[in-house]
Amino acid sequence: MLRKLAVVTTAAAALLAAASVHAQTVKIGIILPYTGQFADGATQLDNAIKLYVKQNGETVAGRKLEFVRKDTGGIAPDVAKRLAQELVVRDQVDILAGFLLTPNALAAGDVSAEAKKFMVVMNAATSIITTKSDYMARTSLTTPQVNESLGAWAATKGGIKKVYTMVSDYGPGHDGEQGFINGFKGAGGEVIGSVRFPVANPDFAAFVQRAKDLNPEAIYIWVPGGAQPAAIGKALAERGIDARKTKVLSQLELTDESARKAMGDAALGIITGAHYDPEHKSARNQAFVKAYVAEYKRSPNFFSMGGYDGMHLIYEALKKTGGKTDGAALIGAAKGMAWESPRGPISIDPETRDIIQTVYIQRVEKVGGENVNVEVDKVEKVKDPVKVRMMKK
Amino acid sequence: MANASSTAARYFEGQVRWRPLEIVFWLAALLPFVVTPAYLSLASQVAITALFALSLDLLVGYAGLVSLGHAAFFGLGAYSAGLLAKHFWNEPLSGLIVAAALAGIVGYLLSHIIVRFRHLTLIMLTLGIGLLLHEVANSATWLTGGADGLQGVKVTSVLGFRFDLYGRTAYSYSLATLFVCFLVARRIVHSPFGLALRGIRENALRMPALGAPNQAHLRKAYALSAAMAGVAGALLTHTTSTVSLEVLSFGRSADVLVILILGGAGRLYGGILGAIIYMVARDQFSGINPQYWYFWIGLLLVAVVMFLPNGILGGLSALYKKSE
Amino acid sequence: MQSLVGVLFDGFAYGMLLFLLSVGLSVTLGMMNFVNLAHCSFAMVGGYATVSFMNRLGWPFFAALAAAFVVAAAVAVVLERTLYRRLYRASDLDQCLFTIGIVFISVAAFAFFYTTELQSARVPEYLRGAVQIMGINFAAYRIFLVAVSLAMAVLLIFLLERTQFGATVRAAVDNQRMARGLGIDVDRAFMITFALGGGLAGLGGGLAVEFVGLEPTFALTYLVYVLIVVAVGGLGSIGGSFVAAAVLGISDMAGKYFFPWLGAFLIYLVMVALLMWRPAGLFGKR
Amino acid sequence: MVAQDISLALPKGVRHALIGPNGAGKTTLINLLTGMLQPDRGDIFLSEERVTALRPEARVRRGLARTFQINTLFPKLTALESVTLAVLEREGHAHNWWRGLPRFGASADEAAAILASLNLAGTENRPTHELPYGQQRLLEIALALATRPRVLLLDEPAAGVPKDESAGIFGAIAGLSSDLTILFIEHDMDVVFRFASRILVMVGGSILVEGTPEEISRDAQVREVYLGKAHRG
């Protein structure tokens, strides 16, 4: 008896879902780690989402947008998968968005594939994420995309022969190091040594000292955002490594605003590969930053950029499909879409549904008394190299 | 003497008999299928956490060993089920048995260190071992997939029932496993071994004077509790096809201890009740207010301690006794 | 060789921060047998107080640190007088549940009032960068931190060993009933000790802002390290906390320098080994 | 030195009283015999078997049981549960976690019988901490009896019990089976002389003298230690 009853109620739920398609609202489920260790990243991303909606209105292609926000509390793929299921089954959302962390994005990817729901990853950077569902697009970056470009640049125009690598001992850290080494070795560079430090421990003095003892020509560093960039920056200064003599290279987190403020002049000379920096000189970016600061009293970062462009992709896709929200239509509209983002020209790769963008090489210099990231070079239309190689096989 | 013997045996039968309230409780566990069909995946994860809390209750509530690192065995179960499904076969039921065996064996081995200690030292040793296992899993990226989690785990169905988006199969599977493990726990608690454990918790000094090998009893309790935690971990892997380092984290060990104390340790149902209340409250509060829900959960914990000492069940039974 | 001394000093400085954060808990846990997992929330109170005094009221760094001590001590007393006192006879499991509830409330409250952003406190110029002593690079800020911690340790030991108040506290630690029997106002001793412990944690929080960074989940992340120091040092022992914090800080740093692949394991291995060797802690009485 | 160069033998079935001033080392002797404390030198034999190196629980299994001067019971367990626990431990069932207690009716019955023999019959389902103090003292003995000892060491079995009730306790002890060797510590001299068949006098950590009640009452040294002090006082 029970079995039959359960089937009946589910059928009823499905009917309800079908009915809502013709209803006016488009429901967007946002899954982010609003609490826990990565809460600040989620806040910066969510701020940009709200800003975009404020700027572009809550109605797209004649249909009102409605947001349902869910907190994973940090890295929790089991919770992320359940929340995605509930958003699809209980809240009948049409689009899944957010995803700051890779494990959560991978888990929710299965739900997007099974429920055929359009899913926009706005930060998680591991390459294989977009392979989990054909209805998924990404508007942030992939770790190899930025680090391979940086590695190739370092060995060529950067004029660096030998590098010592120091990375956080966990997934993203390994991907960043691997990306950089692929690019660097590919362009003739040589890696003279490497060390990995624990994710959790914020004190880097010992590792920086090991690097100093080897007195390498250049050091590549990968640290997660938050408190660690500032900590390792200070350790560099305290252990007497001057980024203007020993070249220090990293992904953009190392020289974000709070890290530069904490490091002071120790940051001068640090070279980073970045897909976005709030000081990027473009009218569109300056307007975005001004609006963001006005709204939230702090400047945006690359988390915000992923969210802002993610919303742009959703808005444009909905316009293109005239308000139809089934997964196939939306992902079809998203593929190949290109636009001028505050970070620069970007587009969605039709084959991999991942982002193609410019990677900027920047160095910290003192401009008008302030230490800022100055663009010294850029590599345009960079695709995610890992998936490019996978295609070729 | 005749009536003495019958009353003695009948006394223990009275203890073991199922109370009507218990039967009502387990029937109520079937309500979500009908009343809240859209909350079945949450119900499944509540059942899994309840099983995890039940395994901890055997340790904390009955053997008197407080652990702040029980996620070590939950994670062991989760990873062994995941690796089994990825590299060998993904039939879940056999996965549960393998997970239980592995977690139980590791639990038994570790118990030789752990049960020799008490109070803060014991708690910190379990914490240390839990954190060490977490680091091992993080550095063994080739095996565990490291921080990105174990990829390629695909557990599609159990006994032919597919794990669907609605969580119907997941909840049935989790609830059934919880019930079976609960019967085992109930039997343990009402067995001679359970009585010996309660003796150790009540007065560890007296037991050797009655010929009881305290250490041996505690080691076995630790192994049984670890095995059951392993089953809970395997259940999470099977129902979500995801495994990440979080299953071994300090956060999960702390959460399950909070859940057990919230429900009331030493009553078998404390962990289950605690899991229901804590996880439903967290789901609802975080639904209303994704950024600051910790505030309301904190308030709930403080209120329970203030008004219902010894957990909800402890507080209620005290109120019930006072009203008698 | 010099580089090693520099690294070990950094480890010692890190240990000193842990000492400030944990000594209060070791005394209150040892003395009142009260499991206060929310001890690091007092550190957060101090940290955020320092940030507010400096950034909003423009106070200099040292004044802000002193204010952090006072504010954290005040919060500790208020909490002790209103809520903690009703739980002295509760089971230690209930004390855990209660104090974890306080941690959750504090995490949400600081996230609400200070956002989740990483806080920063502009340290005076001469505390930045490195100082060359005998050719070895020492971080100025870490020297300052060590100095403050040593001063606090000496002050605390003097206060407890040499003063009348110290005698009453030590009496209450050894035997509460006996102390009450001798007419010692044990409650007042508890309150003052609680305030002292909270204040030191607040000072530790203030110093932590520039050292390891301060954001709302600080109370949860550092709870583990503080518990390790208290357990290894031994309950109720200031010397124990000091030595344990120093040993853990230095061995953690030395381990990372000599065998980095062992990085994260080391501090936990050292803890487990020390606990198995001295279960009651290095200087533990109980 | 708490206890030194003691050599004593407790012949089978004999009721021994161990007397001596406070601090004479009586409880320490019991702790040494039961393995709670390890002697620096010397050996302890249970009939022919050397038990010096055995842990306390192993000695109990070989028939050496004890009670405690201060009640060391199971507050939340009932009397029946406590004694049943001891019986199950003795029968080696305590490791059995897969069969319910009702399946061990025989052990429960034996426990009930022990309780009845010490007239604790009515206390089955009241938690121990609710029992009156006198009954708790009897429960101490019941727990020891449940291990079916050959030698029973009673550490002041009637400690803290008013005069009229202690007679009941010693009456119950006297009623125990005759082949059970008993050594009990007691301060009340007329109880000692009424129930003990031999008396050991311990002073300053060693045995002063050992003998029948008559010999002890006439012994000069004992009188000097006990009565002498009273005269000169």
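To keep things simple, chains are lettered A, B, C and D as they appear, and every chain counts its residues starting from 1.
Methods note: contacts are C-beta pairs under 8 Å (C-beta built on N, C-alpha and C of every residue); 3 or more make two chains touch, one makes a residue touch a chain.
Computed from a prediction, not measured in an experiment: that's the story for all the values here.
The chain with its CA mean position farthest from that of subunit A is D. Centroid to centroid, with C-alpha atoms defining each point, subunit A and subunit B lie 36 Å apart.
Centre-to-centre separation between subunit A and subunit D, using Cα means, comes to 74 Å. Subunit B and subunit D have centres, each the mean of its CA atoms, that are 42 Å apart. Computed from the mean C-alpha positions, the centre of subunit C lies at a distance of 50 Å from the centre of subunit D. The multi-chain contact residues of subunit D, meaning those touching 2 or more other chains, do not exist; every residue touches at most one other chain.
Residue positions 135, 138-139, 251, 291, 293-294 of subunit B each touch two or more of the other chains. Touching two or more other chains at once are residues 107, 111, 261, 264 of subunit C. Contact between chains, as defined at the top, is found for A-B, A-C, B-C, B-D. Those residues of subunit B that touch subunit D in the shared complex are 1, 4-5, 7-9, 11-13, 15-16, 187-188, 190-196, 198-199, 202-203, 205-214, 216-217, 220, 224.
Listing the residues of subunit C that touch subunit B in their complex gives 29, 83, 86-87, 90-91, 93-94, 96-98, 100-109, 111-112, 220, 224, 227-228, 230-232, 235, 261, 264-265, 268-269, 271-272, 275-276, 279-281.
Those residues of subunit B that touch subunit C in the shared complex are 60, 66, 113, 117-118, 120-121, 123-125, 127-129, 131-132, 135-136, 138-139, 250-251, 254, 257-258, 261-262, 265, 291-295, 297-302, 304-306, 309-311.
Across the complex, subunit B is touched by residues 2, 5-6, 9-10, 13, 32, 34-35, 39, 43, 69-71, 73-79, 81-82, 85-86, 88-90, 102-103, 106-107, 110-111, 114-115, 126, 128, 169-172, 174, 198-199 of subunit A. Within the complex formed with subunit A, the subunit B residues making contact are 30, 33-34, 37-39, 41-42, 45, 135, 138-139, 141, 145-149, 151, 165-168, 236, 240-247, 251, 286-287, 290-291, 293-294.
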